[in-house]
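You will see two complexes here that share chain A, one where it goes with chain B and one where it goes with chain C.
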Partner chain A sequence: MTIKFPDIDYAAIAPLLIMFGVAALGVLVEAFVPKRARHLTQLVLALAGLVAALVVLVTQAETRVVTAGGAIAVDGPALFLQGSIIVLAIMAVLLIGERSLEKGGPFVAQAAITVGSEDDRRQAARADGATEVYPLATFAIFGMMLFVSANDLLTMFIALEVLSLPLYLMCALARRRRLVSQEAALKYFMLGAYASAFFLFGVALVYGFTASVQAAPGRMAGGVDFATIHAAATQSPANRALLFGGLAMIAIGLLFKAAAAPFHVWTPDVYQGAPTAVTGFMAACTKVAAFGALLRVLYVAFDGARWDFTPVLGAIAILTMLVGAVLSVTQTDLKRLLAYSSIANAGYLLVGVLAGVREGISSTMFYLVAYGFTVIAAFAVVTLVRDADGEATHLSRWAGLGRRSPVFAGVFTFILLAFAGIPLTSGFISKFAVFGAALDGGQTWLVIAGVITSMVLAFPYLRVVVMMWLSEPGESTPTIAVPGALTAAALVIGVAATLVLGVAPAPLLNLSDTAGQFIR
Partner chain B sequence: MTNIALAATVTTGEAVTFWILAPLALLGAIGMVVARNAVHSALWLVLTMLCLGVFYVVQAGPFIGMVQIIVYTGAIMMLFLFVLMLVGRDASDSLIETLRGQRVAAVLVGLGFAGLVGTLVARAVGDTTAVGLEAANQNGNVQGIAALLFTNYVFAFEATSALLITAAVGAMVLAHIHKPKSERLGQPETMRLRFRPGNYPAPKPGPGVYATSDSVATPGRLPDGTLTQRSVPEILPTRELSPRETAPKGTEK
Partner chain C sequence: MTLSPYAPIVGLFALAAFFALFSVASARIAGPRRYNRAKLDAYECGIEPSPQPVGGGRFPIKFYLTAMLFIVFDIEIIFLYPWAVSFDQLGLFGFVEMVMFIGTVFIAYAYVWRRGGLDWD
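After this line comes the complex of A and B, so read on.
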């Protein structure tokens, strides 16, 4: 028996390979570079790798190819989403690398030291943070980029694990409030493993459904690549219950990562416990990856079952918007508030996904980018508001910040207005785009729910704005730290992008529109 | 390798194996959830995994069956048991519910979900004849898997290396404590600590062995006849002996 190694278009997957290489190099740096030089080396290596991957990606902008034995599809949405993951990851890495706000950075030096022990107090005061976060972050970025371009369910599953595992680890590495951070990591890990099991079970059911169906004459019968699933959705003689059961479980796995209700319960705890830089990374990049994969699964593989899954996923979208909007009203912690807001935004993104027309793809992709920029900027501001115990995230502590530091309060107000979807911000344009696409696709019910929940969701944001500006600063009002160059860069990029995408969104809208075509 | 069961029909032997092992697998799964002691849970899981391994072999998947038994049951579960033993035998679950009614709700929802999936799969494949087994095992089971791994799934196969590296790095980050050289003790310091006043430099005495008891929880006797608690391992819970146990057993005469 001879095995023919599949053709691999190395140029098309070069960005993926670069990220993998950078991550592997990062591990070697941990082993061989002296401790003192490690942080700078890792930071430069990660940023250089990301920029190199972005440059290579841009040169491949016209590539449309399915490669590596049908495992990877490099098409418009894949390239667009990979590009957005890289850009947002650059901002997140800038936040991760910040060391001027706190001595040693936001990460714990040695996570194995018992919390609260004498050694722990010593390392919290002066030890440099662990630099292993950089290879972990680059591995996660590699997984996310693979996730949005995976063309079969098994590759997608591996990518899901590759992106999740480093995130679980990074959640556990906060320098302050380490027990909360470890609890968050454990919770995320347990529930994430559970969701992955659902995904795998769904893959098995779908594989059973595709048996004896060939995607094209001469291809192997059966399989979990998207072309075969697409063919099976119309031709398979098997009972369609297998298809629906499989799709439902795959959707559970993906919606868990996207933080859609009722699979959202991990989100507030994990967002609160994780180091804020990692939270920003998760809120922006994981969301892009999860919705990119969801788009591909629904538009490429299960397109033939659209009429069957749209009502179910539509109900989930409405539930997500409602849960996110209503529960964010009751929050008293800023990181939890942003977590519930990210849940609500997952609902709006689902509205775009379910539009079922090409504008649905492009508007969802635009929304992902716009939201990513804004949410990283928001978490960047959260890292700045500090007192002696680290970040002061309780809402009451933010009262009166407008008097104390008008610039940062103004920036944060602008970010909150963008979340609320006020015109001249990217939040308005992106909501407008997904709702417009959903109307085109005939999903008026989703749009109605979206508009209503948007109005509810504006309340918690405006409450924070009012607290910041109209309250007197008290004794316990924390100071706003002067951001270091890295945080400042991330903040400026995020705010500028939010403004530019709100005022002149046409270039990115056009780009997402030309990219919004999957290949099978 | 053409002697692998190729037919899609179920032979008597297969049916008999299934009906013997399926209840055992189920029992193991339930036992794993119900068992209070973590070690018992792990052993119940081993039972389920062994049964599944046999199922795979019977269903013409010898490779996955053997991997299930050798790697999962043999290596991973045994490693798991080692960890449990190292952590300590008193690591049994507490039965206090942090959320009221959680256990009942979990059982009900779990049963509902099992019923849903069970009926779904039963209805979907109940009257379907299996296809593709012969084609998949045409060149041998292992060769077929190898062919898939190195053609369609070669990238996924390579990407798992990222998982392994992440796992290794993660274990290091979460479990390794680096001690700087200045904190490491040399031989003279270790000796000084050993012979400092108040420390007991010799090996600890063994447990007492008496006619009435040979438990490790019984303290041994020193040469001068006094009992020493030093011989009782620290992880053993201190236990009050019941009057029945301390009563003469009629062997003193």
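After this line comes the complex of A and C, so read on.
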């Protein structure tokens, strides 16, 4: 018996290896570096690793290869989305690294201590910051990068777990409001594990389908790599029940991560309870990863079933937009408002995904980047509005903020206008791009629903703007903390990108267009 | 698609159900009834799940931590064994990959060791 070695293109997967190495090094830093030097070491290590991965990624920009025994596809969308994840993750790590707003930073070391116990009070009161969040974040980033380039369903599942497990933990690390934070983590973990089980069961059904189809000529076994699924799905066999069952369950697993209705119920609680920097990280990077994987699954593996899944996923898209937009109107907490806005945005992204044409891929990728920049900037502002109890996220507390700090209220107004899709912001261009692609793909019904819900969704944003500027600041109006260098950097990057992508979107649009071609 | 290949699975289910029911029923009918405290305990190892102790029910997790660490190394052995058996065919490629795998596991081990996960008290 001879063993056939998998062919591994180490250069093509170098960004992945770098991120994994950085995460492993981060664990070693936690183990061996003395406590007072740990924060700086971890921050520099994480940022240097991300930049190095980005540089290597850029040198690989022309690579189009399926490698590691068919487990990983390095193609245009994979490289574009990996690059997006890295850039957005740099902003998120800047936010996570901020230590000047709160003594010791917004994180604790141990997630699972009983709330209210003496140990928990002690760890929340410790002035020296906890740094476990860095290896967790870098492992999650590695998982996300693998998630968007996975070329078979099992690799995709591994990547899903690698990105999810650190995120569950990170949700529970908030120094303030420990109980809410742990509740968020537990809810996310329970529902996430449930969604992962759905995904895995779907993989099993798809394997059964490919085996039942391919068994006849030549091939003996089935497979879960995307080329095999594609070949089996396009053969149009008599019984496609296993295919549809499998696709539906895989889609549930992915749509859960993407926060699409009716799999969105975790989103508001988790976004509210998690530390704000982690919420920003989830809102931007997890979204990129989830939609990247969804694009690959739908366009590469299940392309042959397009006419069957488009109506179903279209209905989910409309439901997601409606739920996100309508429930945004009723929110009284800013983080929950942003969570429902994130759900609605998942709906718009689904419109792009379902366009079914090449512009659908490129416009969705553009949307992901544009939305990611804006949403991290939004959460960066949320970390700054504080009172004695930490962040003041209740909407009523934001009334009159425009009088107290015109600069930050102005910045936040700009961000909200971008969310609302006003021209000269990236929000307008990205919505225009996905709706245009959906029109090209003949999905007019989705575009109509998208435009109507966008108008509904503009209301809650504008209400916040009106509250900030047209109310008098009262006794309880919180102060806006002076951002440290890291938060300021993240904020400037996010706002500048939102503006630049709104005024001169052509370079990124062209880039996403040239990258918008999967290989199989 | 015919379902006949799956018929043995149904048979196995039936057999398993029969065995479970038979064991419970026969023990009840034929077995002697000499109960004591140990026999009335829940058939479970580790912490008694009920009744919950006062004050939220705190219990030491030392055993769980050790068990988790054991599983990590258990899985490592499972991968090491077939690698060792076919080492001559896997050659340098297999060696490098296995070193990377063991290195990753040892990073976790080093973390646990340095952060006091191996101290019993």
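Keep this in mind: the second predicted complex is superposed on the first by the 489 of 520 C-alpha atoms of A that agree within 3 Å, B and C clash if a C-alpha of one lies under 4 Å from a C-alpha of the other, contacts with A are read in each partner's own complex, and residues count from 1 in each chain.
Keep this in mind: contacts are C-beta pairs under 8 Å (C-beta built on N, C-alpha and C of every residue); 3 or more make two chains touch, one makes a residue touch a chain.
Quick caveat: nothing in here was measured; it's all calculated off a predicted structure.
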Superposition on chain A - do chain B and chain C clash or fit: clash
Which superposed partner A:Gly129 touches (first chain B, second chain C, both, neither): neither
Touched partner set for A:Lys4, first chain B, second chain C, both or neither: first
Partner chain in contact with A:Phe32 - chain B first, chain C second, else both or neither: second
First, second, both or neither for A:Ala24, with chain B first and chain C second: both
Which superposed partner A:Pro166 touches (first chain B, second chain C, both, neither): first
Larger contact residue set on chain A - chain B or chain C: B
Contacts of A:Ser212 with chain B and chain C, given as first, second, both or neither: both
First (chain B), second (chain C), both or neither touched by A:Asn239: both
Against chain C, colliding segment of chain B, chosen among 42-50, 78-86, 132-140 or 150-158: 78-86
On chain A, positions contacted by chain B and by chain C: 1, 3, 5, 24, 27, 30, 212, 239
Chain B-facing residues of chain A, complex: 1, 3-6, 8, 13, 20, 23-24, 27, 30, 68-72, 110-113, 130, 132, 135-136, 139, 142-143, 146, 152, 154-155, 158-159, 161-162, 165-166, 168-169, 172-173, 201, 205, 208, 211-212, 221-223, 225, 238-239, 241-242, 245
Residue ranges of chain A in contact with chain C within the complex: 1-3, 5, 24, 27-28, 30-32, 114, 212, 239
Partner chain A, residues of chain C touching it in the complex: 1, 56, 58, 86, 89-90, 93, 104, 107-108, 110-111, 113-115
Contacting residues of chain B [partner chain A, same complex]: 117, 120-121, 123-125, 128, 130-132, 135, 139-140, 143, 146-147, 150-156, 159-160, 162-163, 165-167, 169-170, 172-178
